[in-house]
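Remarks on the structure that follows.
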Amino acid sequence: MNRMTRDQMAARVAKDIPEGAYVNLGIGLPTKVANYLPVERDIFLQSENGLLGMGPAPAPGEEDWELINAGKQAVTLLAGGCFFHHADSFAMMRGGHLDICVLGAFQVSVGGDLANWHTGEPGAIPAVGGAMDLAIGAKQTFVMMDLLTKQGESKLVEACTYPLTGLGCVSRVYTDVAVFDVGAQGASVIEMVDGLSIEELRRLTGVPLAYAAQPQVA
Amino acid sequence: MIDKIVESAAAAVADIQDGASVMIGGFGTAGMPDQLIDALIDRGVGDLTIINNNAGNGETGVAALIKAGRVKKIICSFPRQSDSHHFDAAYRAGQIELELVPQGNLAARIQAAGAGLGAIFTPTGFGTLLAEGKETRTIDGVDYVLEYPIKADFALIKAQSGDRWGNLIYRKTARNFGPIMAMAATTTIAQVSHVVDLGAIDPEIVVTPGIFVQRVVQIASTTNHALAA
Amino acid sequence: MNRMTRDQMAARVAKDIPEGAYVNLGIGLPTKVANYLPVERDIFLQSENGLLGMGPAPAPGEEDWELINAGKQAVTLLAGGCFFHHADSFAMMRGGHLDICVLGAFQVSVGGDLANWHTGEPGAIPAVGGAMDLAIGAKQTFVMMDLLTKQGESKLVEACTYPLTGLGCVSRVYTDVAVFDVGAQGASVIEMVDGLSIEELRRLTGVPLAYAAQPQVA
Amino acid sequence: MIDKIVESAAAAVADIQDGASVMIGGFGTAGMPDQLIDALIDRGVGDLTIINNNAGNGETGVAALIKAGRVKKIICSFPRQSDSHHFDAAYRAGQIELELVPQGNLAARIQAAGAGLGAIFTPTGFGTLLAEGKETRTIDGVDYVLEYPIKADFALIKAQSGDRWGNLIYRKTARNFGPIMAMAATTTIAQVSHVVDLGAIDPEIVVTPGIFVQRVVQIASTTNHALAA
């Protein structure tokens, strides 16, 4: 089976973001999605620290450390972008104005519950940031993650064992081997990589998976 | 390419249906989107719920909408004015329902809708007729009334300049309810005096980010500044 | 007894507004107070329709009908003034940022309850505007009113009979014949016009009035 | 004449006492009022409750305040970062109390305080550890958590320009929490890169009206834009 690279995963997510969408890309892996949004498509990237219309990273040496994204990386602003304060920024999420947010995850349940902020380990210092607001605020929450942990456990689960970020908030999960829809109807497979079978995927995840007759090959 | 500019006021309001809830910006005549309202009247739809600070002044704007018999209910803070005769007549005839809301609660409830809050405890109105029957609570020794968000299907607002992504700036006290109504409506339609190029509005001074605006229509503003209130 | 004119009342209120105060002057009689604020004193006038730093009326012919006050009169903006939207404007009140508001009234109770928005008459169309927000929001709420109605009834009352605007919110009442403090301690006379006695004032109002040994003559 | 300009950061913070609650603007280092924090450290007061998005980065700002042992409690959304070692050490040693708040609830609770609301029902955090023990309610089919305002004795914020009446404008994403913290604190102190004449800031573009600001101090900004996060 051909696992997708992180760049392939980012390109795959980008394919599902339509022109005109207002999108927040979470810290880490989701940030890569920006690299695969076609420049001819007007897509509006929001960063919760107060900008809309985020552009690519500046050239080295051109950084302005008062123009950063939520990951505290230097960014640029497109013509037509703007700045605003934190209350307005989170009103954009909570008020349902963002179309899509893309987040990383420790676990996603087949019902769409998300766990991505806290391992729950004793001694771990928790940090939540905007994850809970994004998860429940955007009209659609996409998750990008490897399907399995380094120990081979499925991160798509029947019920999350890590502390939750939000309940029933995830609609689609992009992994390195398959794309799933999740939610009240349970999980269904949308696409699988070449060489992977639904039986193998069921075995890997250990969760019930609905299966369209002809899932698309990624 | 995303271009939220529409060619006419008529096109901008063409999907407002009977029974819609419509926020209308403006405080008195300042910031009143008269041409959008005229287009709405021309559409001929009725049973509208209107959210505005007032209930119309003189013969234009919300007053004209009420005069035309299109308003089932109005949510506002200050209906009775020296020139609110169309509302007064409709109200006394039992043809229009009034939900009277203190002005600050009106603003806070609209803002709460835009921000996705479920309800707010506000001190305004506690112990008055306008809080009768509402849930109250004492928090840290202060008495509050529980008020719910006010959202709408559409917002019709007036701004000074807008671009094709929907970014808006306003002019003086014509700003009033525009920015918060834009956040609280499913579809926000702004009439602007000037459509400007993308990037022409300094990103530091955008008042309403384009995410809150779905349509922009340019209406020459020559008459509005000169109009008496 | 020498009743004060409306201009004398406005001048008297103005005397109690210190430099640096943020002040909202209600529609009607309170608007006159602006005329008596010394120009050398920096006092910040707010109008709830979205401006701070309100200046005097423009010269005739110079009106801009997008620069108006809450009474929908054309005004001007001082250098250092600014515009904002309605939610921020009422946050200034409700959040306790305004120092003083001056309102008219139908009735004020000795405990500081205010009735100024609705006569309660059958058939009357009610309108509340920003009165309830101002009454309970400003750090101090002053009332300006004639002491008596045209029918000779006291508007300073034991308990309001008109529908209330706010509970216990008024701290000082400026009338045409006397100035009162009101609140949890009841009403006390601060000043009386020349020729008025405390006995006469008690008779006119019909409410208990505390009385400093030497009330100031207005 | 009202002049809110004070001559130095030390003078600006001179009345902050032991046990005070202090909001500090900034998201990471952008908008962090480093010189006001340095002046606060120099004052030597402790037992502070700090409200900030983070719990310090590297060696400056909130990190330096924590390192100096002045912080009893921090209310923030994202304490753990690659360079939050001073917080991490204090937290593991049990020397600092942490109230972890989702970032949007932090913003909404600060805004609620500034606006005089008693409490708000917010959907964020429902069903999570961060809502444990909190009152919840289902409104129109959505689940909400009741959250209370966060106010403070002082706010220390950074802005781009300010005038003697306290009007402020910000620079890019250094705006972040500044405008809402200014509204939620009894005394707001702004360090600005430029003090400008009254009227030099266009009244249409003022972000924080002077009513929310008590003191302004000019601090040359040469280093800040160049500092790495």
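Per-chain residue numbering starts at 1, and chain names A, B, C and D are given in the order in which the chains are listed.
FYI, a contact is a pair of C-beta atoms (placed from the backbone, for glycine too) under 8 Å apart; a residue touches a chain by one contact, two chains touch by 3 or more.
Quick caveat: nothing in here was measured; it's all calculated off a predicted structure.
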| task | Chains touching chain A and chain D alike, please list them. | result | B
| message | Farthest chain from chain A, going by the mean of C-alpha atoms per chain? | response | C
| message | From the mean C-alpha coordinate of chain C to that of chain D, what's the distance rounded to whole Å? | response | 35
| query | How many Å are there between the centre of chain B and the centre of chain D, using C-alpha atoms for each centre? | reply | 33
| From the C-alpha centre of chain A to that of chain C, how far is it in Å? | 55
| Per-residue multi-chain contacts in chain C, two or more chains | 77, 83-84, 87, 90, 93-94, 137
| said: If a residue has to touch 2 or more other chains to count, which residues of chain D qualify? | reply: 108, 111, 115-117, 122-123, 170-172, 204
| said: How are the chains arranged in terms of who touches whom: line, ring, star, complete or other? | reply: other
| note | A full list of chain pairs that touch reads A-B, A-D, B-C, B-D, C-D
| message | Which stretch or stretches of chain D touch chain C in the complex? | response | 1-2, 111, 113-117, 163-165, 167, 183-184, 198-199, 201, 203-204, 206, 209-212
| message | With touch defined as at the start, can you tell me which chain A residues reach chain B in the complex? | response | 19-20, 22, 40, 42, 44, 46, 52-53, 77, 79-84, 87-88, 90-98, 137
| query | Within the complex, which stretch of chain D touches chain B? | reply | 108, 112, 115-123, 137, 139-140, 142, 144, 148, 169-172, 202, 204-205
| query | In their complex, what parts of chain C are in touch with chain B? | reply | 47-51, 63-68, 72-74, 77, 83-87, 89-90, 93-94, 118, 123, 125-133, 136-137, 163-167
| task | Under the touch definition given earlier, write down the residues of chain B that touch chain C in their complex. | result | 27-31, 53, 77-81, 87-88, 91-92, 98, 100-108, 110-111, 122-130, 143, 170-180, 207, 224-229
